[in-house]
Structure formats: structure tokens, C-alpha cells
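Two complexes come next, and they have one chain in common, subunit A, joined by subunit B in the first and subunit C in the second.
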Partner chain A sequence: MLNVSNISKEFKSGLFGRTHTLAVNNVSFSIKAGQTLGLVGMSGSGKSTLGRLALKLIPCDTGRIIFNGIEISHYTMKQMKKLRKEMQILFQNPESSLNPRMTIGKSLEEPYRFHDIGDKEYLDEQIEEQLQFVGLGTELLNRRPYQLSGGQLQRVCIARLLLLRPKLLVLDEPTSMLDVSVQAQVIEVLKNAQKKQGISYLFISHDLDVIKACSDEIAVMYKGRIIEQQTAEDLYKQPKEEYTKQLLDTFLNF
Partner chain B sequence: MDNNVYLKDVTISFKTKAGTVHAVNHVDMTFNSGEITGMIGETGSGKSVLGMSVLRLLAANSLITGSIIYKNIDLLQLTEKELNQIRGKIISFIPQNPDAAFDPTMTIGKQIIEGYRYHDKKTKTAGISHGIGQLQNYSFHEPQKTFNSYPFQLSGGMRQRALCAMSTTLSPEWILADEPTKGLDAIIRQEVSQVFQDLKKITNSSIILITHDLRLAQRICDTVLVLYAGTVLEQGPAGKIFDEPLHPYTCGLIDAQPHKKLLPLSGMPPSLIDLPTGCKFHPRCSCRKDICCLTEPALQEVNGRWVRCWKYA
Partner chain C sequence: MVNIKQLSIIYKIAAFILLLMLSGAIFAPVIAPYDPNQVLPDETLQSCSGAHLLGTDALGRDVFSRILYGARVSIRFAVAAALCTMLFGVTLGMISGYFGGIIDTIIQLLVNIFQGLPGMSMMIAIAGVMGPSTASLLLAVTLTSWAGFSRIVRGEVLKIREENYIEGVRSLGASAFYILVHYILPNIFNSLIILFTVRIGTVVLSIAALSFLGLGMQPPEADWGVMINDAKIYFRSYPNLLLAPGLCILALCASINLIGDALRDLFSIQQDINKQYL
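Moving on, here comes the complex of A and B:
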């Protein structure tokens, strides 16, 4: 589904761009259709940057990205528009992902209209179906984001993504701002969506429990590199790298 | 005279346009000194509101009834001026978000000694040396440098430690900490939990920890309080509550954790404006009986802890 090879990204900041930060350093990975690749690492290890690079939300300096058999590394933003509905991202903080001035209904319709997928009647039908799928009712459509709880908003965001029938979703810490019980609800919805629509996920999180529960394979990121990639079971049983061992120890013995 | 904080029939409500929000309902309990007491529950269960009410840090539209007794003084009856002598010095508060809690335009040092100089009327030099010593206590390797840094120059874990240093400059007897590990990664979370254990040792303080990080609560708390819709549903020693929870809600919270069953609780928390009759948890409870919908159970003592459920009545 997605094949990323040797991508790097360097950020320049400060006066005349004198400070260079190599956020992602020569990283390769691939995700199979309908599977989940978990990406763990500490804050600042480059997880989110890698997720955005894979979707071409930011351009990479070097490397190749192949999505569904098409090389997209050299695509312009205009060329990406056609593919965009198939590769989407779910952000950490649902409260800042939705426009506070738009009703939930308008927010749900917007990407659908942007990609010009179907007519109004079909859209209404779809919205109802997806809302039901994520466990919400249509009475929310006329409300605004501030009237909903964090878990409800995150589910609205998921419904909005599912409307586009994506093939690949980058989930950037989708539950780190939510309660345990709401977190379990959101993860359940994401798993069901994967089963139903066969979506591939790149699941970014620093919560090793969540990653373990959701991923088929797990990649560990440290200082801009993927230092280890294994199936979820093997990684927890026999981590190869010293850093992974430390990470697992710190987390699981907490 | 002991140093416990006694809450007697505390009820907190907020007047809003949509109606009266009943955030905390008739809470009767004691925070024992020398312990870390954890308050757990979902968002909107009244944890933060109950914690902040001890220092009367609530919004102007709030209405608190009942009494909060500390050393024979009712904290709810004090004037603002009297209360300022207690805030920070005897009972101090560690706010939720270290990114937002610091003033971004002031150095860490200036903010750390602000409270110290307000209460103890010390000179600036005395303040500075105290502040640097305080940073040293929280294992900053270069306290002098940190003292002169601005908040954005520190990492998340450092900011949390600096915040703890700021809130404990006057060695308060009680510390209220609101969600100290929200959104932090594993290593910083480990650091913060260490900070709290050190905090207890360094200052000899008693701590009230408001959190929904169940692992943190299990690790560092002595006593745990489970809140739901502003009511205490279960209360007792942390080990017992996490190993063999009694109340169906506590069981649900524990099972929802990713390393347990990752099983979501069914339904949503109730509206605090229009609370359910009887037991507040009954609409979501799997072991609901007829009586649960009608009458609210009282807190019962079962196996060395307190539970509010008809199952054990």
C-alpha cells in the first residue's frame, strides 16, 4: 500500500536558517493493505514529521514514496489533490481539528464537497451511515464543536475521514488527550473501520500499551531514525535494540 | 490537632444559561495527612472542581455549600485576604498544564520566587538563593542556568519539575496536583512520578493527586477516590481498589485500559444539569437492579473500603 524508502527531512530555523535539525534521517518502511504499522518513540524523535512526510503534507528532501504502486515523491500539490482523499490524517487534538465557527454538519460536508464525490442526497445518506458507524446520532449535526466532548469530537473527525473512503490513514496520537474509557471507544471505532473498509493505518503514539493493542507491526524511532521494526508480538518478547529494551522497561514496569 | 482536611457535605454547582450544573454532590470525606490521595474518574466527574474548591479557585458563577475544615478552620468561610495567607504557603496548587501555567515573558526563577517573596517578605538575594536551592532539590543539573531561563527553553519534563519547585517553595503542608502527566511520553511520565515521590520526601507534604492516568495512581497513591458525576463511588487503599475493584464503574475504568481488556464503558457520562435519579451510574451499569433507578445507595464499608452500590448493601 505504502512504500517509503530512504527519506530524510532537515528543518532550518534561526537567523538565516543557521540552526539545522535533521528531523528524519534516511528512513524506510512499508505498510501492507489493511494492516497497521505502529510508530513509537519519545517526544521529538520525529514520529509526527515522518507521518506528515509520508502523506506529502510537507515535502521531503530526499527519498522515494510509493503509494498504491504510484511514485508520488515528485508530485506537486495540485497532482496530490487527486490522491489526497485516499490518504488522510487524524490529529491528536480534536478540539483544534474542527473549525469552531462551523456546525458539525458543515464540517463533515466540507472535505466531501472539496473532492466532489457525490450529490447532496447521497452525501446525507453517507453522513448518517458514518455517524451511526462511529456511534453518534444525527442530532449533533447542528451543534458546534464546543458543545461536544473530546471523545465525541474525535469520533466526528473519524466519521469525516471515513466519508472519503481513504486507503491510508495516519493517526497522529489519536487518543493521548482522551480518558481511558473514551480512548477504548475511539480505538474500537478505528479497528472496526479498518475491518470494514480495509484501511491501512500508520499509528503514531508514545503509549506502548495502545500501540501493542492496535498494531500488526511496530517501528521504534529514535533521533530521526527507525532503529528497529518487528511484529508486535516479537518486539514485546525480544526487543533487539538496547534503546527499545529501555523504553519497554520504563513503560511496562511503570 | 491533626493536619487532615475534612470535607463535610460539600456540594458545588455552577449557574449557567442552560441551567444549574451540579458538579459535586454531597461529598463527605477526609484527606489524611502524610498520604498521597488520588482522585480518579472520567472527564467531567468533578475531580478538578472538588480539588480546586479546597482553595476556592473556582469561577465566579460557582456556589459551594458545606464545609472544608483544616485545623478547625472552615476554609469556605475565610475572606479572600485570609485565604491568600493559606494559598501557596499552607496549601499549594500545581495547575494542570505546565506549558500554560508559566508566564512566558518571565524567567523561571522570577516566577519561582514570586510566591516566596510575597509570603515571607524576604529580600531579593535571599529569594534567589532559595529559588536556586529549590531547583537543585528537583534534580536540575544546572540550577543557575535554569533559574535564568524562560519557560520555552525547557523541555516538558523540566517544566513540570520547575512547576513543582515553584509550588513548593514555601514547603506547604498540602499540595493539590491537577493532571500532572496528561499528554506526556513514557520517560517524562516516569520522571514526573519520581518527582511526586520525591516531593513527599523533600517537603514532607500530603498530596491530593487529580488524575485519569490510572497507572500513575496505582503506582504512587496510598488512598484512591473514584468519582462519577460529582459523587464518590468508591474509596479505599490504592492496592485494593486496583487489584479487586468492587464498584461496577471502577471495574469498567480498569478494564478500559489498553493493557487490560481495552473494553469501553457503554454509554456516556450523564448531563450534570439533569442528573439521573437513584444511583448516578445506573444508566450505564451492567448489573443494574430495579432499586438502582429509584434510590441512591449510601457509602457502605466493604472489606476495608467504602463503596456506593446496591450490590453490596
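Moving on, here comes the complex of A and C:
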């Protein structure tokens, strides 16, 4: 499904770009169709950057990205446009994920503006179906983002992404801004969507419980590198790296 | 939570003055007792009276009628000039802020150059070289004021550009044009309204100054700047000729600026409320 090999990304900042930060350092991973790869690590370890690199939302410095058998590392933004509907991202903060000046209905119609999917009737039907799928009603369509709760907004965002029938979703800490009961609901929705549409997830989180509940495989990221990748069970039973042990310990003690 | 009713009384007075002036300008043909350019040789330099509310000038033209028609000229031109400036400044500011990189550098270089040039001298130079006409005035005002505008807009865009919803819609496949029109523009609209309002006040002043110097509106057009220019030789003996248009300019500019402030207060409070709900 997605095959990433040896990608790196360096950010330059400061006067004349003299401060270099190697956010992602020679990372490789792959995700099989319909499976979830969990990505854990402390903040600043490069998880989010890696997610955006995989979707080509930001260009990588070196390395190859193969999506669905096509190498996309050298695709221009224009070439990417056709692939955009197959690979999407869900953000951490649902409150800033929708345009505050647009009604929910308008935001949900947007995927159809950029991709030729169907006519108006089909569109309305689809929106209703997806809203129902994420557990929301059509009465929300005329409201604006600030009138909805965080959990509702995150579900609207999920519905908006599902409308495009993506093959790969990067979930960038999708639950960390929500309270625990809502977290469970959102994860349930995501799991159902995966079952129904066979989507692959790259699930980024620092919450090990959430990751464990969702992932088939888990990769641990530390200072821009993936230091360990195992199936979820194995990782919890016998972590290979010292850092992973520490990470698990701190979490269990907490 | 502060709403429109809780605004200071000064803002309400400003709004009242502005409304008064607007209606005066709109209904000038109905209200004005005389044709603004009608010369009455027997009634020159009269002081205030029932027949001539604000007296007459050296050619016997009714000052009150000229003030009313002058409001038309000033407001119409100020709105047109502010719109031109907005169009130019906002477009360049949005492009500069959104795309960044080399485009940003070039536009900001231009902005720096234009901001570095003294505005009034530039305006006089442009209006002087091109000759007095509405088009040259419009160009003079636009060229000397777009830079500040585009800088403010750029700042606003830079702030919004980093929001998740921009990145989100970009990953949905939106074009830069779509994002600029549907995402950036509506989100900086409040700031634009305030800038626009304040800008109108400044333009009224600039245009009066240019007219006074003989580079703006041309006599016998009933314009406030032209009237002040005509009155300057008589003002010791007939101060009403000078005070009437002068006070009108003052009142219009002050009330527009105050309304700009009021709008800023209202909008900023509303933004806070939005945040509170989030």
C-alpha cells in the first residue's frame, strides 16, 4: 500500500538558515492495505513531520515513497492532485480543522469541488450517509464550527475525509484533544471505517493505550529515527530497545 | 460581552454625524437651496442669513449648497480611492503572505520602496505630472497608500496560513486560488473593513490637501479643498468661507476614524466570543 524508504527531512531556520534541524532521519516503513501502523514517540521526535512527508504535504529531501505501486517521490504538486483523494490527513485539533467562516454543510461539500465524483443529488446522499456513519445527524449542516463540540467536529472531519473514499489516512493524534469517553467513540468510528472501506492508517500518537487498541504494528520514533518496529503484542511483551522499555514503563507507572 | 448598544456615546455621535453627512450628500439636489455654481453678482460675500445659511462667497455662490455638493465629491472620491487601494494592496498582500519565498521577497521590496517615499510629495508629483484629472488623482492616492495596506494584509495571512484548516483543504486538493478566496479572504474580512473605513478618512484629507494646492479637483467644482483655496484670501474678514468646509472635513474624518475604532472593538470582542465557545 505505502512503502517509504530512507526518507529524510531537514528544516533550516535562523539567520541565513544556519540552524539545521534534522526532523526525520533516514526512515523506512511500510503499511499493508487495510492495516494500521502506529507511530509513537515523544513530542518533537518527528512523528507529525513523517506523516506529512508520507502524504507529500511537504517535500522530502531524500528517499523514495511508493504509494499503491507508483513512485510518487518526484511528483509535482499538480501530479499529486489526482492522488490527493486517495491519501488524506486527520488533524489533532478538530477546532481548527474546519474553516470557522463556513457552515458544516459547505465544508462537507468541499471534497466534491476539487474532485469529479458525482452530481448534486449523489453528493447530498453521500453526505447524509457518511454523517450517519460517524453518528451525526443532518441538522448540523447549517451550523458553524464553533457551535459544535470537539468530538462532533472530529467526526465531521472524519466524514469529510471518508467522502473521498481514501486508501490511506494519516491520523495525526486524532484523539489527544478529546476527553476519554469521546476518544473511544472516535476510535470506534475510525475502526468501523477501516473495516468497511479497507483503509490503511498511519496512526500517530503519544498515547500508548490508544495506539495499542488500534494498531496492527507499532513503530517507535526517537529523535527523527524509527528505532524499533514490531507487532503490537510483541512490542508490549518484549521491547528490543532500551528507549522503548522506558517509554512503556513511564506510561504504565503513570 | 459588549454589543452595539454598549459602545461609548462618542461613537454614536460619530455615527450620527456621518449619517447626517451621507444623507446631505445623497439628497443634495433636494436640500440645497441654490445651484452650487450659480453666480449671484449682487449677493457676493454675504454673511450668514436666512436666505444664505452659511453666506455666499466672492462670486456670490451659496456656501451651504456648495458644502452639500462638496460632500458628494469628497465621499464619492474617497470611497473610490479606498476601494482601489484595497484591491491593489489586498491582492498583493495576500499573494505575498500566502506564497512566500521569492514572490514575497519581491513584493516586500516594492512595499519597502513605496513606504520609504514621502506620500504627500509623491502624490503631488504624480498629480502634477499627469495633470489634474480624476484618474490621475486616483492613481496618485492608490500608488502612495497600497504599500501599508498590503503589509498589514500580509501579516494577517501569515497568521492564518498556519491554521490546520488551510493545510487540511490543501490536502483535499484545493488550488491556491480557491484557498485565497474561500479561506483567507473571509477570515481577514473584519480587519479589511476596519482598514477600509480608516482609509476613507485619510483619503478625504489627502484629496482636500491636493485640491487646496490646485492639483486635485478643479474650480468651479464644488469641492471642500477647492472652497478652502478660494476662501484663503478672504478669511480675515469672512471666516465663514473657510470655517465651513474646514469644519466639514474635520467632522467627516474624525467621525470615520471613530467608527473605524468602534468596528475594531466590536469585531475583536466577537472574535473573543468565538474563541470562548471553541
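Please note the rule applied: the second predicted complex is superposed on the first by the 254 of 254 C-alpha atoms of A that agree within 3 Å, B and C clash if a C-alpha of one lies under 4 Å from a C-alpha of the other, contacts with A are read in each partner's own complex, and residues count from 1 in each chain.
FYI, contacts are C-beta pairs under 8 Å (C-beta built on N, C-alpha and C of every residue); 3 or more make two chains touch, one makes a residue touch a chain.
Note that this is a predicted model, so its numbers are computed, not measured.
K.L.:
Subunit B versus subunit C on the shared subunit A, clash or fit?
P.N.:
fit
K.L.:
Between subunit B and subunit C, whom does A:250 touch in the aligned arrangement: first, second, both, or neither?
P.N.:
Touch partner of A:250: subunit B, not subunit C.
K.L.:
Taking the superposition as given, does A:110 touch the first partner, subunit B, the second, subunit C, both, or neither?
P.N.:
second
K.L.:
Given the touch rule stated above, what does A:16 touch, subunit B (first), subunit C (second), both, or neither?
P.N.:
neither
K.L.:
Between subunit B and subunit C, report the minimum C-alpha distance in the superposition, expressed in whole angstrom.
P.N.:
The answer for the closest subunit B-subunit C C-alpha pair is 8 Å.
K.L.:
Show me the residue ranges of subunit C that touch subunit A in the complex, using the header's touch definition.
P.N.:
Checking each residue of subunit C against subunit A gives 163-165, 167-175, 178, 182-183, 186-187, 189, 274, 277-278.
K.L.:
Mind pulling up the subunit A residues that touch subunit C in the complex?
P.N.:
Interface residues on the subunit A side: 55, 57, 81, 84-85, 87-89, 91-93, 95-102, 110-111, 113-115, 145-147, 157, 160, 164.
K.L.:
Subunit A touches which residues of subunit B in the complex?
P.N.:
Going by the criterion above, the answer is residues 42-44, 155-156, 182-190, 193, 212, 214-216, 219, 252-253, 256-259, 262-265, 268.
K.L.:
Show me the residue ranges of subunit A that touch subunit B in the complex, using the header's touch definition.
P.N.:
For subunit A paired with subunit B, touching residues are 42-43, 149-150, 176-177, 179-185, 187-188, 206-210, 212-213, 247, 250-252, 254.
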